[in-house]
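Presented sequentially are two complexes of chain A, the first with chain B as partner and the second with chain C.
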Partner chain A sequence: MEGVAMKLPSFKSLAPNAISIGHRSFSRVRRSSSLSVFSAASSSATVATSSESVSLGHRVRKDFRILHQEVNGSKLVYLDSAATSQKPSVVLEALQNYYEFYNSNVHRGIHYLSAKATDEFELARKKVARFINASDSKEIVFTRNATEAINLVAYSWGLLNLKPGDEVSLTVAEHHSCIVPWQLVSEKTGAVLKYVMLNEDEVPDVDKLREMISPKTKLVAVHHVSNVLASCLPIEEIVVCAHNVGAKVLVDACQSVPHMVVDVQKLNADFLVASSHKMCGPTGIGFLYGKSDLLQSMPPFLGGGEMISDVFLDHSTYAEPPSRFEAGTPAIGEAIALGAAIDYLSEIGMPKIHEYEVELGKYLYGKLSALPDVRIYGPRPSESVHRGALCSFNVEGLHPTDLATFLDQQHGVAIRSGHHCAQPLHRYLGVNASARASLYFYNTKEDVDSFVVALADTVSFFNSFK
Partner chain B sequence: MAAAAMSCAASLRLLPFKPNLFASSVQYPAKALILRPLKPSELPSFRRTIITFQKISTGNVRPPSASPPSSSEDFQPIEELPPELQEIVKLFQSVQEPRAKYRQLIFYGEHLKPLDPQFKTRENKVEGCVSQVWVRAFFDDQRNVVYEADSDSSITKGLAALLVQGLSGRPVPEILRVTPDFALLLGLQQSLSPSRNNGFLNMLKLMQKKALHLEVKGEEDSSSEESLESSFVPTPETNGGVSVVDKDTESKPSFVEDLGAEDSDGGSDVVALGSRGMRIREKLEKELNPVELEVEDVSYQHAGHAAVRGSAGDDGETHFNLRIVSDAFQGKSLVKRHRMIYDLLQEELKNGLHALSIVAKTPAEV
Partner chain C sequence: MNTSSSFKVFASPPLIFSSRPPKSASQNPRFSYQLPRSCPKSIRCMRDSVNLRSSPNAPSALSFATVEAPLGTKTSDKLRILVSEFRSLTEPIDRVKRLLNYAADLAPLDDTARVSANRVTGCTTQVWLEIKMDEFGRMRFKADSDSEISKGFCSCLIWILDGAKPEEVMGLRSEDLSEMNVGVHGKEQSRVNTWQNVLMSMQKRTMSLVDADVAHRGGERPPHHHKHDLLFKYVNGSYMESSKVHHDYSISLLPLYYDFTI
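Entry: the complex of A and B
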């Protein structure tokens, strides 16, 4: 702990549970200025006593105005960040700022405003590249979201490279966005989709996946962290396997990039996709990471302005990546706001965020599994198994829709119920739907407590009819 | 009724403010549902009976239109609902506490007659429900629609039970006239926005679609027996392929308006009011002293269903559209206004007048 105190002069890098004298005196000075804001902002925040530091969740709550409201007569408890995350004020300000002060079309103009907009837009691209440790910002293609990014790869790389009989390996736990594009493209090309099921730990069977990868496999498309099971796949291993047979790997990192350090060079993935709106950025922007030589070899996806080099009546020549895949005017303000979100997350530090979420996720899992008749999907957390900070679950004899409705209307707790865009997975698990509570670094222990109390109340309400 | 109006307002206050509450409040003209399967080009020329009675020329004669109260602030008065449904709404209004309302709802669901598994088919499944809901509909021997339903979610089952109990045993036109507005009166914070997740809305739509389908099939069976004047003609396209009541409710009003516009050109089709129509007009004129009075006989739209065929009444004069602009409505709530009119027409209602669609305004509101 003392080592930590020495190393970290900045208030922001307080480990959630750090207790140390040196820390305290340092941090007291820093904290006092923002203390009043905490107590004003969050009635549930346990303001630091002399022996405890304020948790990350409590510290950042002031940045998220949307969390400070009542719904249906109760304090809002937002547990649906896996569906979309909330945005800190700095991100909203960046977006507003763009439109108020330097909105202009990018890459086209010469005047001051357009130069500034272009600079900021390209700076945002650099920020994304740095965030995931891409070797060059040219490897970042801005898209509307991760779904569009996957479609880009499917229609551009897929249509060119998939031949009849080629195999695309997927898991049964994939999000629809990483299933349907491959279905569409395999119909057109004659490629075959192969799925691995779950093993007894309720995670995709990586051994079976290894067996499935053969010289016929051209692409392995898998999630990094599952939005239902909360499991994490060993991407590095999978990439090694795939590259051995000459197959490419696309990683759906929607649930990982926002929550932990993701290093594309370390993973050595060929493609990686993520959405801004799940990582404190606005909707309408996402990105595809692709290795330079891969992107170079790919034909255009959408055609139009910006992605061309020269246009004649009967043909056109195309720009270099990433522009080649960015037809039309991009979501400029949104990209810049995504850059601001990345700045915000980086300032806190992804390792810190991850550490906090592992703790809180464990806490959630523990409290939830202690309730009778609750069945949580995915692996059990352990030393070796780190779950994402979400729990999809079902309560015996209670439909998730009833659960979610009651939680919302009687307790202001926002969770999700349904198939979470993973119908094949639910079918495999033998259920029609599940409820899901998902956390982000702005949630607190109190949020989890409120949720569990509300859940218990809900269960007993519906049980009273039996 | 005053109590209903007041607790109606009270229930509305329980709801979180939804800016689009009225904008998206379904314009659910039942008649559009009847007419919908026909393409405009195939519409038979309707013989309509319109008399516009105006004391003061306001300069803009509204084209005869088939739509019920179209202004978005009017939402369906409780009296237009089938009686059972009215009772259910009143019951829920009398229960103030939200938890108790839920209890009541789930209680309804628990007492829903189970649906035989053989009926849990794809056609009977309500689209876009996160939970599974099935609805089955068939005619009883008086050609009233009987419903059965089931769901795996307690709340949805409760809502289904509400609809089953409220709509079962009623004739098709009455069912088709029901708009989802009444759900607001239940105070369950039921959203009415058309979306794939709106189980309640989709349930009601499916039930109405099935009722219509039964009607169409029934008419096909009997169209050889009677030649119904200007009745809705089933075409091959409508057989089982009733245009899916789509989730885009915006298209409905415009469809109806097109129809209205089209028909206003057919001047040669105007026919005088029958005796009932005349009596209605006289009564309303006498008692309400209206500035504007429109009495429109739209019984032909309902010709062919049991309540009309051979009804004890004047040549099948069973359904009317009324538009009344009168000072007598000053200071009265919508519900009260409708009540006034129904009271005035008690006799007719007892003797074969089946239903009224009413627009009641004060001169200031026009």
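Entry: the complex of A and C
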């Protein structure tokens, strides 16, 4: 299974001219195909197989208006997609479309607008399910973001299932969102958190993790791709180990779902979380994938409308998943726009995106490591080790914040500096902060070149002050 | 290298330009990496010129800034001078360079002071702040950071506030410093907004030193403390003015003008 979602039929828009700008074949095809299902590979002529000489990054750039601007007198070079991605115009149009033509509350009304909004919202859920190959769209719970999704599992599944002495296995490289909720819940339940450190390749030590998993382990919560180290964990293996002892596995797929094919059937994870804003979708929406029987067994997280079945003064009964975990009015437009983002990514094809990023990531790593005094964290790329398309690094004698400030002020290059919500990892590596340049499929070799030139200039600038 | 050692005690006075700095190669990224070769020299020239001027011919002019509690140089005046200096630097890169200059002039902090109790919380960079009250009841500050730009910020803040009375420290608001924001275009409080975090730390710790001082003296409140109570209350982690106070920002005559042409 290629991991490319089929475009599912959508109802005719109220106003056929709603999608006004950028008459790419993509949007035209969408409007006229209201009753047929399209295979993504054959639809858009703009990106698929037209000209191999023009790279993917160059081809898609026109879809991202935000990238065509100057900051501080220089062309913007956006290298912070691991923090949040940019959105193609189709996603923005989908959001605009929703508010302009069929905004209405979902699952509640019976009038036309409400029915349409509900259909589009549920269609978005189906698209997410299809994108990660979930067996049923009911296994997709919409949340505000991945952080909320992890908290949902922690408070709903965790509080019920973790007993004193139970162990939760994590790695030292986890994002704070996959550490703090477990800390909060372990305080309440008496469970114990165990962390696996890095090995000599600077990736979490999977052998040690295997040893750590014991009958006491109830949950293994790990990232798929690290937002600092760019390493990729062998989730399938980890899941096998965990299931052998009856433990569940939660996968933080924030840095993997946007960049490669993620198939939850293959991974066989119990829970998987991701955020829309890292995958060309809007902020304010993310999702939790949970196996049906697991979600069925979980009590509610937030209480309110939508997640109930019947409400009495002294008690209430609850809805089936996923509604059980979606209290209140959801981010309807945002979910629909996420669906549009998934369509956009699927049209290009996740394997193609991944292939492009592996190459560009290697290029970035190569150029960066060639600079003197630069220390890149994480594993070296090789035949067997494919890094994510990002590099966290430090320059000897130069604080990453100073570096990032100068890059921005003088060169318009946007990178991130700080601890990237991974303080334990930085402490383990013995640094307070690092700089991070992260790529997405709309970046080009020229972006990497500009960055490296700018970085060299920055280093010599600060050296001149010493 | 700064030859005037007295500067080390109280950060250097600001350099004020009467003419705008030229729009040099900083505009064109293609030439930017040639910039370091020319720029640092001119910056060093500026610093050397300062030192030249600080030597025998005009000792009184510059010793003005180095003397303890110079008469008439109120915190508000110093703030005004610094703000106007930064305002004259329209290119953000020039502000970075100016801050780096100030960073170099910051008095070194003892290793013994780099403890977690002295860490300024909420910053992405590490900042240590040492604060004392001297025998005249004035606040004395020393700071350091692992980031040169943060050091520059600290240097400016310390130039304004070192030797100030507690109420002057409390009277400085982060909005007053927004002109000097470098690289952080937003004015909101966030982890990258070093100004706000360091200032808040200075103010919080000033208050505790004042309270400790009061307690030490057996509860007898010095006169300025009453005024202080009326002026401020601690709300949500920051000091807010609770009554309208007219801040006098008029500049008194200070021989701290430097005329440079690059």
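Please note the rule applied: the second predicted complex is superposed on the first by the 414 of 466 C-alpha atoms of A that agree within 3 Å, B and C clash if a C-alpha of one lies under 4 Å from a C-alpha of the other, contacts with A are read in each partner's own complex, and residues count from 1 in each chain.
Keep in mind that, in the parts below, contacts are C-beta pairs under 8 Å (C-beta built on N, C-alpha and C of every residue); 3 or more make two chains touch, one makes a residue touch a chain.
Everything numeric in this text was worked out from a predicted model, so none of it was measured.
Novice: So if we stack both complexes on chain A, do chain B and chain C clash, or do they fit?
Specialist: The answer is clash.
Novice: Taking the superposition as given, does A:412 touch the first partner, chain B, the second, chain C, both, or neither?
Specialist: second
Novice: Is A:222 touching the first partner chain B, the second partner chain C, both, or neither of them?
Specialist: neither
Novice: According to the stated criteria, A:288 is in contact with first (chain B), second (chain C), both, or neither; which is it?
Specialist: So A:288 meets neither chain B nor chain C here.
Novice: Of chain B and chain C, which one touches more of chain A's residues?
Specialist: Larger number of chain A residues touched: C.
Novice: Taking the superposition as given, does A:72 touch the first partner, chain B, the second, chain C, both, or neither?
Specialist: After superposition on chain A, A:72 lies in contact with both partners, chain B and chain C.
Novice: Quick one: is A:462 in contact with chain B, with chain C, with both, or with neither? Answer first, second, both or neither.
Specialist: So A:462 meets both chain B and chain C here.
Novice: Both chain B and chain C contact which residues of chain A?
Specialist: Looking at chain A, the two contact sets intersect at 72, 399, 401-402, 405-406, 409-410, 417-418, 432-433, 461-462, 465.
Novice: Sort out for me which residues of chain A touch chain B in the complex.
Specialist: Residues of chain A touching chain B: 71-72, 398-402, 405-406, 409-410, 417-418, 432-433, 461-462, 465.
Novice: For the complex, give me every residue of chain A touching chain C.
Specialist: 72-75, 399, 401-402, 405-406, 408-412, 417-419, 432-433, 450, 453-454, 456-457, 460-465
Novice: Give every residue of chain C touching chain A within the complex, in rising order.
Specialist: Its residues touching chain A are 26-27, 29, 32-33, 35-36, 39-40, 43, 92-93, 96, 100, 104, 124-126, 145-150, 182-183, 191-192.
Novice: Contact residues on chain B for chain A in the complex?
Specialist: 16, 98-99, 102-103, 106-107, 110, 130-132, 152-156, 189, 199
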